[in-house]
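Across the two complexes that follow, subunit A remains constant while its partner is subunit B and subsequently subunit C.
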Partner chain A sequence: MTSHLETAHDSATPESGETPEVPRTPWSRFRRRFRTQRVGLISLGYLIFVVGIAVLAPLLATDSPNAQDLRAVLASPSGEHWLGTDDVGRDVFSRLLYASRTSLLAALLAVAVALGLGLVPGLVAGYARGRIDGIVMRIADALMAFPPLILAVALVGVLGPGLTNAMIAVGIVFSPRFLRILRGAAMSIREETYIEAARGLGCSSVSIIGRHVLPNVLSPLIVQISFAAGTAMLAEASLSFLGLGVQPPDASWGAMLGRSYRFYDRAPWVVLFPGIAIALTVLAFNLLGDALRDSLGREER
Partner chain B sequence: MTRLVVRRLLSLIPLLLIVTFLTFSLILLVPGDPAVTLAGDNATPEQIDATRERLGLNDPMLVQYGKWVGDVLTGDLGTSLYRNEQVSETIIDRLPVTLSLTFLALVVALVVAIPAGLIAGTRAGRASDKVATVAASVGVATPSFLLALILLLFFAIWNPWLPATGYVALEDSPWEWFRHLVLPAITLGTAAAAEMTRQLRSSLVDVLKQDYIRTAWSKGLASRVVVGKHALKNAAAPMLTVAGLQVTVLLGGSIIVEQIFGLPGLGQLVISAVNSRDLPMIQGVVVASVIIAVLANLVVDLLYGYLNPKVRAQ
Partner chain C sequence: MTNPRESEPFLQVSDLSVTFRVTGSGFRRVPLHAVSDVSFTLQPGETLGLVGESGSGKSTTGRAVLRLIEPTHGSVRLRGEELTEMSRKELRRKRQAMQMVFQDPYSSLDPSMTIADSLAEAIKQHEDLGRTDVRERASELLDEVGLGRHHLDRYPYEFSGGQRQRIAIARALAVRPELIVCDEAVSALDVSTQNQIIKLLERLQDQEGVGYLFIAHDLAVVRHISDRVAVMYLGRVVEQGPVEQIFERPMHPYTNVLLSAHPIANPARQRGRERTVLRGELPDPTAPPSGCAFRTRCPHEFEPCATELPDLVEMPNGSFVRCHLHDQGPVLGGSTVRVLPPESRGDRRAATSDETVSTDAE
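Presenting the complex of A and B:
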């Protein structure tokens, strides 16, 4: 009787046969691999730099972001206004610093909404399968059939313009991505022996999902969060460009662009600098995502 | 093949039902009483009642949805709340602009992605591959309005070679139609080109490692035949799927591009509808665009089945 229990216990611990040279924890394994990713490290450094700028904006700004100087409208870059001024004489450099707060926060908010909407249905659908899975996936497929920006614009249209509503809309549009990843991961994990063991020990489905499935989908999730943050930032910029996102006098990079676009032929810098800021930050999120994907993931390597 | 067509067409029915239901449900997201909100700020009680009546808000929800879907099926998308226009007629007026733009953007994407993906995929790890990969990453990350700005400055403002804004219908003058759409199509197509280059590159790299490619090389076939016939055909299938998904993205991206280049398409229509909270018009554009996207992906799926006998047999 005792020997029976022991064998069952043995087969439920897959980590017993580990080779000595592989670092013990997944975290140190990840760190060792990530350290060799030069592009990923540069991207991460750049993103930390942008976050630093956002936090320290009041200290770094050379001017108040909303101070208008109507004698220096659309002034070109100079010693006084490093990146020029916009159509009401506001300092582009200072506004750019403050706007990074809105842009980062917006991306964060949209990813949080998408994750919040996708998490539970994705895990449940992948774990439960059958009819629940069928229904959830039909709805996710339907959401993905919409042209993303048209759906986001329509959602903001009915909810009313504003940064929070815009980011809720973007989050809704992106939620199927998280849902699908979580579902896929949950589906493959549910076949593992340790899940079977947990079920055999009488754990409830809720505790199995929370304690065993969720920690194991973290890797693909982290990768997707990095990509989604970049795409969400682009989406926020698009909505704010159209005047549906953040409302004046507050600005995100996209809103700065949208407001000044009519002056692009006279003062290209009012459009160029926020545009470059968006492009670089989105690029950094995407490249970081690539590096994370290569460093996390397949543990057998 | 016939079985595949029938199966795919049947699978559209539940998809379209859910999609139309989600579009219809937009009204549930209107804050407060939709009739009060949508009638505008200074509406009289009579106007609010009239709006309520026009939107059919007095009926139970499923009855409202049933009526709405029935109307959509017969091509009736209702009347605009603010303009005395049939939503479906307005959409049909605007549709050629958006379809022209999306089509040309897809052409741009394919014209760039196929050679770029081929070069990168067959020379993986070499300098030309690195250049293509970096360019693709930058292309995905660049917002369309930044790219539009650069193109406009170079090709319309500093060198007045191409028009900066406006649209000429294809039937009025094919040449002017093309000239007005070149910059918008490049703007819209660049991100799609980058995405498809990445896809083609990675599937080519995978395919070129296969045994049948080694066999083809050892038979002494010319590289043109090995890459062009054996590898490209097999690598094209996943790229086709990405192309279908890109049509959906392009339709969305056209909103920004139409706004910048002053093209009177669906994108401009939905923006003006959103600014005036013209719900029937918003719902109409959303339904029209999702149906176009679904049909484009249907065509892609059928092409996929044509290219890949395995899919047909299932």
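Presenting the complex of A and C:
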């Protein structure tokens, strides 16, 4: 990490463009540019930190996340309960650590579902245009016409409450966004000469989409994934707040908020810390998305 | 190369037409005849130059021959096989025989693929080789176009325009084609690079016997590389013939103007010569003039031009011309008048007396 930061400092000085080794692959070019993005690096570091916490939660937790200490209900932060306790006397710090698992997993699942539903139709619609495009886009438009949260609530109503179903619903709600971005990117790429050249070589449409279109839509796609991960985490918080997501006694940051907001005047820490965790993580995903967008842009000439 | 009927043209294009539907004024869909009844043939190892100003349908013709754009009607026969009636699958297999080199070397290579991958994709279309053999063949191809094998693992953005065009040519060669359509293949390059690429194309033609359909607007380049030339105006071939005939004895007024627009690299001669300047703009292709499309800009317009479309008529020198001057125009001394070449007008007039009439064009 330190070496990265040092290099970032070096390349921030002017006229460092003539580095002796020329970047060979898009990956090394990306790294070189990403290193100069301080905010992006901090966000990435923070997210790695959160993932680390999620993985190591059992080791780091000072208490069992579901253990109740009814003698210390809504206790303020202290040496025993670092971030205080909630309304049934559970240790907020330990719950926060365990909840990071649920929240991250939820974001991952929602993005995976959204990508799974949006990727192929988006690329095919953008590349093929015509009637296929019309049909796919009308379906996407119909999905986008619903207010996102209302649609997610309705889908959970159909699928039944629970974290998995909630995140599948969020994924379905997000899928048109992926679809539209991929379609737009595929539409501009299909006009490129190298696509015509590939057709001229006798490549089939499937192999053109897989080999030429997909790799070239990767950068907008990665950016969209990082933004969507942040939004999915918020959506999980909203649904859990409404009681449609993770079911008690399991915790997610959103569920912790939803349960404890009634006590915020007596014990602000029960609201404050999960709120800060959500806000910071969503912010980090968004800032990382920005930094990725700036570093992934194709270098012209 | 072992064609029993050597004289048979290996590429025969007849009455090729491409019509686009475009949105005209008032959002009506109007037809745009980008290419109308274009016919030509090409022999193995021969180069046909296709010239004309922007919007004349040169590139569309090239693409329609390869069916990268679907022709509206007409026929394209490659070694006797009708391309326009092939199914997509048959056509995909047939594409090995014909390749295209594009104008813009910056967008004709996939920026996210290494050169090795780009070439491998082409090689695998043609032959089923193992990984190391594909790589071997790829470096052979690079070698053939004058690039070293150390370029294999680089990305397109690391190359100059000329190098990229070499790579594009290498990729076209990967499938061992008989026909390469060069669509403004050297136009985007600077002059010294142009020269190298043209030499490369000529050398490959000598080695492999490839036929080129060479689309360009640079007349000097076309004159240098072509065996025969077709001049296009508003989607139609207005004159077609051997390269020296076209450049030395242009028959069609448009060819004449086109040549006259091209400067001579000799200030004294350039100042001394008379130039025919084209008046007006290229007409709206969705509403072309009646009769001969060139008549609105032609210095010689006369009676039948507005009503009748002239036919392509064969001239004694072997050219084909689509102009009423040559089928209904004045006849002098038993032959039709022709438009004098823009250069060396004076000395030629003395040599052939039957050309004197056309001086009143000025």
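Note that in this section the second predicted complex is superposed on the first by the 277 of 301 C-alpha atoms of A that agree within 3 Å, B and C clash if a C-alpha of one lies under 4 Å from a C-alpha of the other, contacts with A are read in each partner's own complex, and residues count from 1 in each chain.
We adopt the following convention: a contact is a pair of C-beta atoms (placed from the backbone, for glycine too) under 8 Å apart; a residue touches a chain by one contact, two chains touch by 3 or more.
Computed from a predicted model, the values in this text were never measured in an experiment.
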Combined model on subunit A where subunit B meets subunit C, clash or fit: fit
- request: With both structures superposed, pick whichever of subunit B and subunit C touches the larger number of subunit A residues.
  value: B
- request: Go through the superposed model and pick first if A:142 touches only subunit B, second if only subunit C, both, or neither.
  value: first
Message: One more residue to check, A:71. First (subunit B), second (subunit C), both or neither?
response: neither
Task: Give one of first, second, both or neither to describe whether A:131 is in contact with subunit B, with subunit C, with both, or with none.
output: neither
Field: subunit B versus subunit C as contact partner of A:192, first or second or both or neither
entry: second
- prompt: First (subunit B), second (subunit C), both or neither: which does A:38 touch?
  reply: neither
Field: Contacts of A:200 with subunit B and subunit C, given as first, second, both or neither
entry: second
Partner chain in contact with A:279 - subunit B first, subunit C second, else both or neither: first
Task: Could you say whether A:212 touches subunit B, subunit C, both of them, or neither, answering first, second, both or neither?
output: second
- prompt: Quick one: smallest Cα-Cα gap between subunit B and subunit C in the superposed arrangement, Å?
  reply: 9
- line: Interface with subunit A, subunit B side, in the complex: residues 14-15, 18-19, 22, 26-27, 29-31, 137-138, 140-146, 149, 152-153, 157, 248-253, 255-256, 259-260, 266-267, 270-271, 273-275, 277, 279, 282-283, 285-286, 289-290, 293-294, 297
- line: The residues of subunit C that touch subunit A in their complex are 66, 68, 91-96, 99-100, 102-104, 106-113, 121-122, 125, 153-155, 157-158, 168, 171, 175
Statement: The residues of subunit A that touch subunit B in their complex are 138-139, 141-160, 230, 234, 237-238, 241-244, 254, 257-258, 261, 264-265, 268, 271-272, 275-276, 278-280, 282-283, 286-287
Query: If you look only at subunit A, which of its residues touch subunit C in the complex?
result: 22, 24-26, 192-194, 196-204, 211-212, 215-216, 218, 298-301
